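The following blocks contain the structures, represented as structure tokens.
What follows is a pair of complexes built around chain A, which joins chain B in one and chain C in the other.
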Partner chain A sequence: MVGPPRPDRPARRRAGTVWLLLAPMLLALLLVAAWPLLRTLWFSFTDATLFDLSAARYVGLANFALLLADPEWWRSVRNTLVFTAVSVALEIGLGFAIALVLNREFPGRGPLRAAVLIPWAIPTVVSAKMWGWMFHDVYGVVNAILLQLGVIGAPVAWTASPDLAMAALIAVDVWKTTPFAVLLLLAGLQMLPQDYYDAAEVDGASALSKFVRITLPLMKPSLAVAAIFRALDAMRMFDLVYVLTGSNRETMTMAVYARQQLFDFQDFGVGSAASTLLFLVIALVTAIYLTMVRLRLSEHGALAG
Partner chain B sequence: MLPRAIRCGAFLLIVAAIVLYAVFPFYWAVVSSLRTGQALFSTSLLPRDFQLDNYIAVFAEQPFGRNILNSLMVAGLTVGLSLILAVPASYALGRVTFRGRGALLFAFLGVSMFPQVAVLSGMFEIIQSLGLYNRLLGLALSYLLITLPLTVWVLTAFMRELPREIEEAAVVDGASPLILIWRVLLPLMAPALVATGLLAFIAAWNEFLFALTFTLSSETRTVPVAIALISGATGYELPWGNVMAASVTVTLPLVVLVLIFQRRIVAGLTAGAVKG
Partner chain C sequence: MTKFLMLAAAVCGLVAQGAAAGTVSISCSALGKEYELCKGGAQAWAQKTGNEVRFVSTPNSATDRLALYLQMMAARSPDVDVFQIDVIWPGLLASHLLDLTPYVRPEVKAQHFQTIVDNDTVDGHLVAMPWFVDAGLLYYRKDLLEKYGVGVPEQWTDLAATAQRIQDAEHKAGNQRLWGFVFQGRAYEGLTVDALEWIASSGGGTIVDGSGKITVNNPPAVAALDLAAGWVGKIAPEGVLAYGEEEARGVFQSGDAVFMRNWPYAWALANAPDSPIRGKIGVAPLPKGGPDGRHVATLGGQQLAVSKYSPHPDLAADLVLYLASAAEQKRRAIEGSFNPTIANLYKDPEILQANPFMGQLDAVFANMVARPAHVTGSKYNRVSVAFFSAVHAILSHRGDAATNLAALEKALNAIGRNGRW
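Right after this comes the complex of A and B.
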């Protein structure tokens, strides 16, 4: 719980040294967060190129105009939104189901929780390669299993075909990040007050009605927080796309587009403009999230410090 | 109501499906990494006659040992810097009441949501002007963007939960805040430091975008970049056996760490998000 420490005399006496303790960390964050963010914003209004950043001249909104007229950019925006919406919905749904299973008492729950964590710990690049191999069109185990089960009649090129590449990306992302959703939702489930369930038990409520009437409404805030956390992560997706499907136009996300402009086309102006737009979208969602947290916390009086 | 036996069986089936889903891709990578030649293309699900050829090849055909060392150094440096900066800060944020504390905590939560690509060109400029392009120190510096908000936030949450009596006794004895942190709080914080350090280590070990952008030669690459850029002799088909061997090599230690420190990692991960 991030509640306020109770004010007391020693705490007050130390208040002067507080900023001294904070200063090194704040300076580091200014250097690696605030400054590069402002520079990126500045570059987005200039004609900077990778080879000579110092020769950058102010060009107004030209980069943004170029960007908004580029169908590739709009395709990457659409890809990012589709990827985010579908993968987050699946992750929250699947994550909630697994969290409900893990919330029950049964022998072997500890090892199961550990097994569920494994995909989270695996580097994204490695997940992309592992699934790239499983999705291989000729030797892939996914095709082999589906053929054997008779689901498909002929091998499928999962990561190369335009229609399936996005589905493959989403499948890998769901596998990789559902554990995180499970953890958040499980923590939420374990904080639910038991007395509601006891009362429902006395009334003879069925398991389904307990879920619909008690669990679901009480879990709404946790579900929302998990969904926003996941959405913020999905919107900036870079490594999975870069490794699994490369610069395939059908799956290019906003982050991949921005990096391509910056370092493959060496156009720091347009690339920075794309970065800035992605940042604005994410900042908006973050602001919504922080407002939600603030509302929840002020209900509990936790941040009244 | 279904008979108890059927419900029990169905539940077991669900649990088995979850385990299979979570573990199978890693299992398949291990099995594939141990197959060579024609056997690699077999899709039989059970392993047969193991061969270590892929593991030998991946270390022989590229500086993969060096890449692992690079990743260890960068992640270690990142964890060290993050903890040194975050411990005093989280003491101030967690145990002292002062104006602007809430706003600061919100700002860190905001920074932790930053898309890395939003600072990419500005970060490139900093790295280049400090002469750190293609240097491991540059990577560690840039990783502070990812690990600092995380470590500060999680350590602050842990600092809260320490008993106050010990601290008060030390203050009465006239100890300065730094002595207090070093002598009294740090030993009590050991489990929290392990959890936080581990989270930061995993974040740095797995990072790809900065590592891809700020390094150039294969000798300075970190593991994720090295694996992503493994290419075949012909350039036509990837040497999948090597890729799987490399993947298993760098993932196995992580999986073991996660299994050992499971509880602490969960506590650290959920401290920021749920408890807010």
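Right after this comes the complex of A and C.
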């Protein structure tokens, strides 16, 4: 667009066409995203039950008060945050290391890159069931190997023991989702301008200082994006937990809690409130995270400038 | 979701209108052989009576199925006439189900086990017909008991002693993987079932009594649960805290457990041609809790119910009576090992030939105890979750039974508004 904006007829007609073309998509979004979300929000202020949704009455903030007073809910919040923090940190760390390796030229790199993606390609429910059998205390392969190696003296009940269940969940999630982090970070690595490295080579910089002074700062945006993607996903964690440890209070996440209220207890009011709070917690964490990242990025920009 | 269901219902309604006037739709479970048998039976009825039957698929998971039923019923959908419902649902769904009393002759009703008929009767209305029954059983390794010259345990303490003895001896002999006892210890409905058997067999009641009073915090219940907590890590693997039916069967069927608590379905599988313990197992009633206790088994199984919103309730009720009849239950027992709800069928030579173990079951079925699904109505699942969470904490050695049951009593009083429900 050059020159002062002049609302001439073609432009206005073009705007009309744009809206016309957008309309089906907007309508679809309204139906599949906005409508269920708003309905959930509405139900969270009512005493709706699955027995008779039409009989729902407005109860104000009672459902939210109930949740905030429920130690089980707080435990699910804590579980979700612990799960998110630990699994995302491990996935980004491991993912970055693997991405750096895969970024080098070496024979067989193509097949290896494809192979790394396999855990990510398996549906979560399938991999959760599979790990469930592998973690089985009596005939699971994990115990068999560790016993053979002499790492443990007696079989360990990975998913049953209250202390180990969360660690087992995180381990499976790391196994499954690290490839996703690898994919995102590898894409970032391949976009780094080669001339910086050439210049560093001329200056005689060591590999470590190239990594710390070039790769790391330039990769910050990619790392930030990968971490936020993973964190959003991890906070919604449902299927893995539900399949592997069920409604066990020790590992119950916020999404599992909401499902239990909605379907096991048929309590649409409290369940919707739990879903709404999950949404709010995710929004809050995202906002805090983005603010922090933006502050740090702009600081970095100021220094570099 | 509701919208979608209503749309689906509307479409199905159009289809139904196009068909003959007498089209009854039935929802059957599709687990294992269930769908095939249900279809066969319903089609036989259709041919006999000149009507038509339509089959509605439902999710395999009981919880998901309940949610779907509730959504259909809340929308007063005429889409499904006959529902297959779990034994713990009559109290939950009663307000949407037709009273079958006018359709069932008293002598037909009297054929069925009284416990199940009572379970399916809500406020004097017979809201469902018993279809097949499940009960907790004690599976044991005949060969191992014979080897050590011990009998089938009569009491839970005997079971623990026998299990410990065989386990220790076998470990010494090099069979390191053998455990004494496996059951359903995961935090889910199955643990409610198992723990109810421990408590009820010790005279500790059924969590909530018939009048709605919360009775779970009593000395026999405390003793029974402390006893069970002592098994975990000793005669039962610590992993039992994550076992459902199939995980327990996996251990037992691999030959790695002396005793197992499970439903009747495990019999056929454990005796399958590829089973390592084929022919080496026996079935007995679950042990008593102490000399004054009794053998009990928690009631499980499925019922058939007619929707209140059915456009042709008479036809639907007729189909239900046909499917629940002695002849049809006999066919299902022979072809699919489903346990009849009619006491006389346990003496039927053809059924016993197909399923020899059923001859031992009538004593078990005569002593069934129902979960308190009735009196707690729509709050049953909350009660069950609170109960199995407390039991799971006890079994995980996080607090003793007395502490956990006191806390549970408080929680149940809050859920049940001090017994008014």
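Just so we're on the same page, the second predicted complex is superposed on the first by the 269 of 305 C-alpha atoms of A that agree within 3 Å, B and C clash if a C-alpha of one lies under 4 Å from a C-alpha of the other, contacts with A are read in each partner's own complex, and residues count from 1 in each chain.
In this text, contacts are C-beta pairs under 8 Å (C-beta built on N, C-alpha and C of every residue); 3 or more make two chains touch, one makes a residue touch a chain.
Computed from a predicted model, the values in this text were never measured in an experiment.
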Between chain B and chain C, more extensive residue contact with chain A: B
Which superposed partner A:61 touches (first chain B, second chain C, both, neither): neither
Partner chain(s) touched by A:30 [first = chain B, second = chain C, both, neither]: neither
Which superposed partner A:263 touches (first chain B, second chain C, both, neither): both
Partner chain(s) touched by A:275 [first = chain B, second = chain C, both, neither]: first
Contacts of A:294 with chain B and chain C, given as first, second, both or neither: first
Chain B versus chain C as contact partner of A:53, first or second or both or neither: both
Which of chain B and chain C A:98 touches, first, second, both or neither: first
First (chain B), second (chain C), both or neither touched by A:43: first
Touched partner set for A:136, first chain B, second chain C, both or neither: both
On chain A, the residue positions that both chain B and chain C contact, one per complex: 53, 136, 138-139, 263
Of chain B, residues touching chain A in the complex: 11, 14-15, 18-19, 21-23, 25-26, 28-29, 32, 40-41, 43, 45, 81, 84-86, 88-89, 91-98, 101-102, 104-106, 108-111, 113-126, 128, 141-142, 144-145, 148-149, 152, 156-157, 160, 164, 167-168, 171-172, 177, 202, 205-206, 208-209, 212-213, 223-225, 227-228, 240, 243-244, 247, 250-251, 254-255, 257-259, 262, 265-266, 269-270, 273-276
Chain A - residues contacting chain C, complex: 49-54, 136-139, 155-162, 165, 245-249, 260, 263-266
Touch list for chain C against partner chain A, complex: 2, 63-64, 66-67, 70-71, 73-74, 95, 177, 179, 185-188, 237-243, 247, 250-251, 254, 256, 378, 381-382, 385, 389, 392, 396, 398
Interface residues, chain A side, partner chain B - complex: 1-8, 10-15, 17-19, 21-22, 24-26, 28-29, 31-33, 35-40, 43, 48, 53, 98, 101, 106, 108, 110, 112-131, 133-134, 136, 138-141, 144-145, 175, 179-180, 183-184, 187-188, 191, 222, 225-226, 229, 232, 235-236, 238-239, 242-243, 254-255, 258-259, 262-263, 268, 271-272, 275-276, 278-279, 282, 286, 289-290, 293-294, 296-297, 302-303, 305
